[in-house]
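Labels A, B, C and D are assigned to the chains in the order they are written; within every chain, residues are numbered from 1.
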Amino acid sequence: MKVAIPGLRGGLVPLVIVVVLVVLPILGVPRAWLLYLFLFFVYLAMANMWNLLAGYSGLISLCQPAFIGLAGYTLVIITWNGLPFYLGIIAGAIIAAAFALLISIPVFRLRGIYFAIGTLVVPEALRIVFFLWRPVGGALHGGGAGYMVKGLAGISMSGFYWMALAIGITSIFLMRVILRSRLGLGLAAIRDNDNTAASSGVDVFRLKLYSFVIGAFVTGIAGAIFYIYQGYIEPVSTFTIRWTMILILSTVIGGIGIEEGPIVGTVIVVILHFLLARYAGLSLLIQGIILVGIMLLAPQGIMGFIRKARASRSPVTVSH
Amino acid sequence: MTALGNLATPLVMGVLLGGLYGLIALGLSLVFGVMRLINVAHGDLVILGTYFAYFAFTILGIDPILSLFIGMPLLFALGFAIQKYLMSRSFGISMEVPLIIAFGISLIIQNVNQIIWTPLSRGLTTSYALESFVVGGVRIPLAYLLDFIAALIVMLLLSQFLRRTYLGKAIVAASQDTRAAQLMGINTARIYALTFGIAMATAAVAGVFLGITFPFTPISGIAFLIIAFGVIIIGGLGSMLGTFIGGIVLGLAQTLGGYFLGAAAQMLIAYIIVLVVLAIRPQGIFGR
Amino acid sequence: MEAPILSVVGVTKRFGGLVAVNDLSFDVRAGDILGLMGPNGAGKSTLLNIIGGEYKPDSGIVKFKGHDIAGLSPHKICHLGIARTYQIPRPFTNLTALQNTMVAAIFGRGLEKSAAESEATKVLDITELSEKKEVVAKDLAALTLKRLELARALATKPALVMIDEVAAGLIEAEIPKILDILKEINKMGISIILVEHVMRVMMEAVDRIIVMDNGVKIAEGTPKEIMEDRKVIEAYFG
Amino acid sequence: MGKLSQEMPQEALLKVSNIDVFHGSLQVLWDVSLEVKPGEIVALIGSNGSGKSTLLNVISGLIHPAKGSIEFDGRHITTLDPFQVVALGVTQVPEGRRLFPDLSVLDNLIIGSYSRNARSKREQNLKMVYEHFPILKYRKDQLAKTLSGGEQQMLALGRGLMSDPRLILLDEMSLGLAPKVTDELYKALSEIREGGITILFVEQNVRRSLKEADRAYIIEVGRIVLSGNVAELREEEGVKKAYFGL
């Protein structure tokens, strides 16, 4: 029997899965389950975008927390000004994308691992900025004390869940579209050989910039949704490398540069997260060991491993 | 005159602190220069060195600086093993794999430290760590001076080692052209493991002096990793003098940033300098 | 006389102490097939890399259809109408032959996906790769990859194509076929710079030959003149 | 003389037997065999991409063959790593020289003597290298990257000699050098052979190869297509045609 992964095979199965996921809260599923799924979809959207950057565009971006946090703080500013939270989500995503455009000026001059170093500094700088800057409210709020997100009264767990579901499913769909578009073909060409791509007319810089900005936008939406759920934001736990770790783990465990990779990886990361919730340190320790183990034993992750096993079983290449 | 006198303190402290930052960055720079590996676990390995000294100091009652006689070989062995058993296998696969393994190692070390030592902030509070002295009206903590002296000694020893010994020359040769080094009869796999080991030995020294100077927690490694990156980005990879100067620039940025913008902002100036340097000269100011 | 489509004037490129290309000048007229030869290390590949935008010359002018292209980035040069093949094929290894060619048609020529597909199919036909259309490049044989290089270059619809050693390694019987392909390309109105060691291809395909040695142009003339030039024989045989 | 030496039942110093080599999934050498006898100078001739450098790299242990074997002085070296091959006395002077650009000339030479048995003969070999190439002594404190092309090639050759080799593999020594400099290098090469070192060299200049070597192998697209002593090869129709064809 074939295991169907949501959103992968065209046709009826994914539709049914999506419908079931949408009606879950109405069916009276326990709140805890909804929470697991909420985190799953938020992480999934972010991991899909990291996969787009690191797996398909050769950009090992370590500044995703910047996009998450900027979107979160934009949400705060919007809601503190009495505007509705959904405007906050959209504004957050736009600010994240604009910021990506801005920092692309210095960091896109860097290649490969230098890019990784350059991007690592960005969230650290932002953390300090938001430690000092109090965009709204008086001295009682902001800085290290953080902000409550306003205007969330009336949103239930089901509401949070639906938002996360929407961005999670959208991110899967978006990946499908991107990878089958001109952009996807161009990125695939760059990944295989950037010199040949350039001499075939591909504007390598521009395509990478596109995926960087798209990645920031979607990551920003997911980040804003996360902070709507959390209802609270402060700099230390926001602009933190832990976000980056979650994204890398999810992508790498499932399979970097493989479309289904983040889906599988995020399932495992979320399960581990809750199984080991009581032992916070131990959970991350185990995740670290898994990360190293996967890289040594199956660097293409679980999906890569499955693909390879399948390919070696049947000599015929899979055709679409 | 008081304004100038006030400014003298951050200036002197920045330079002295810069020595420590250069020392922290040294191992990261060495590993990158030779293996082209960005060891994102470097900060955590430095902090591991700090915790070892803390263990030696609080449980065994050994002075942190003296504990280096055990700490350095221990971290050397750990580095040697990490390269030989984890990194070397991943080198051929792709550029990301070693980077992600380093991420994994970082997670592991942080959380082992967390489990053993709890997330509480600690310090290597030896008697001399709290002392200070006054020179020309500037009060200087003794720890800062020790940092600077330690950095000078380690950098001098390392540069002499690289310049004068067969092994040192082989490390330099491998960093310039790995394949040519192999063709000259150099066992590069072994050179890599030794390089990682040496880098970790310097991390052990950095860890001790860091612990004497600042309080630390199991997750402090990330902050010092970023500082080390900043030093390398300013100083350029693979240049000892550059690393030293990069450390001083970052140290000064921090102390002057603190002086003008307040303690909370002290690292902001440093990070902005890093980003500006990246935008203008990605290979670093002293890089090739 | 018609203005040249490409003119290289006094181009020099140094790598450290080595002068790879030294004060080199030549023209390519529209519709020309220009041969470029010289021993290994003579600077031919460096020259192609300069024209293609991978290297910026230290001095000199490269003019293409009136634009000064020295130092432009490769994709811009491609858009202006210069395409190239690599001596050692550099395909997009995980893409099929068709997708390889489509990348060039989409990004080099600005076609939409469906138009690019039919264009790519046409080009694969010219280079006799139709049967290999759906094969992933990493599974193609070395000699087939050389033709894929050509297909990819043609799909950008260039005005000038630089072909680097397309005949090396072919057996005698395959050479007429490659000559036919070259003539076909030329008939489409595309100028060609041909780097080639296989003398028979040079003799039959090109109008004019430039010979380089140590980065310097040592001879220029018809194939026949070149074969009799003493300096050329010296360069090759010491 | 070439012919005679070929008929003499002399034990080969280097014996490559029927090797197949792959780069990833791409086969680059097919069933290649080659022999070098003690004291010989043997040339390996072929065009770009024909597999000459790959063959040298296989002998040096940088790449391992999928099939076949390599023996040096009666010992199997097929699966050894490069540093082990060097320690046995086989040193490659790679294409493009590949010096350590930011080290001094002297340091480059010293690194040449890295293998354990070469270290003890360091001073002696250094004297020998300076005798062959006096300019290196004059420039010993300069950084390698500041040398001219010809001097760099001399340093590359000298660095190889510092490893106290019995067989030296030379890849495209004359690449990008003026004919006069090439002459000098080949003159040094025959002196080096007088000193008891066997030589296998890759060269793209056909006439030069046939002039300097005792025997030659011609390689095309990964296969040895012709071999023999140089007098015979000069008469061979295939080689004549290959004058330009290679």
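Here is the rule we use: a contact is a pair of C-beta atoms (placed from the backbone, for glycine too) under 8 Å apart; a residue touches a chain by one contact, two chains touch by 3 or more.
No experiment lies behind these values; they were computed from the predicted model shown.
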Item to check | Top chain pair, ranked by number of contacting C-beta pairs | outcome: A-B
Item to check | Whole-Å gap separating subunit C and subunit D, where each centre is the average of the chain's CA atoms | outcome: 32
Checklist outcome for this item: Averaging C-alpha coordinates per chain, one finds the centres of subunit A and subunit D separated by a number of Å equal to 53
Checklist entry - Measuring from the mean C-alpha position of subunit A to the mean C-alpha position of subunit C, what distance in angstrom results? => result 43
Item to check | Junction residues of subunit B, two or more chains touched | outcome: none
Item to check | Full enumeration of touching chain pairs | outcome: A-B, A-C, B-D, C-D
Checklist entry - In their complex, what parts of subunit D are in touch with subunit B? => result 60, 62, 81-83, 86-87, 91-92, 94, 98-103, 107, 110-112, 114-115, 118-119, 159, 163
Item to check | Contact footprint of subunit D on subunit C as seen in their complex | outcome: 16-18, 20, 39-41, 87-88, 138-139, 142, 165, 168-169, 197-200, 214-215, 234, 236-238
Next on the checklist: Considering only the defined contacts, which subunit B positions touch subunit A in the complex?
Outcome noted: 36, 38, 40, 86, 89-90, 93-97, 99-101, 103-108, 110-112, 114-115, 222-223, 225-226, 229-230, 232-233, 261-262, 264-265, 267-268, 271-272, 274-276, 278-279, 282
Checklist entry - What residues on subunit B touch subunit D, complex-wise? => result 166, 169-170, 172-173, 176-177, 179-189, 288
Checklist entry - What part of subunit D is in contact with subunit C in the complex they form? => result 24-26, 47-50, 101, 145-149, 152, 172, 174-179, 182, 204-208, 211, 220-221, 243-246
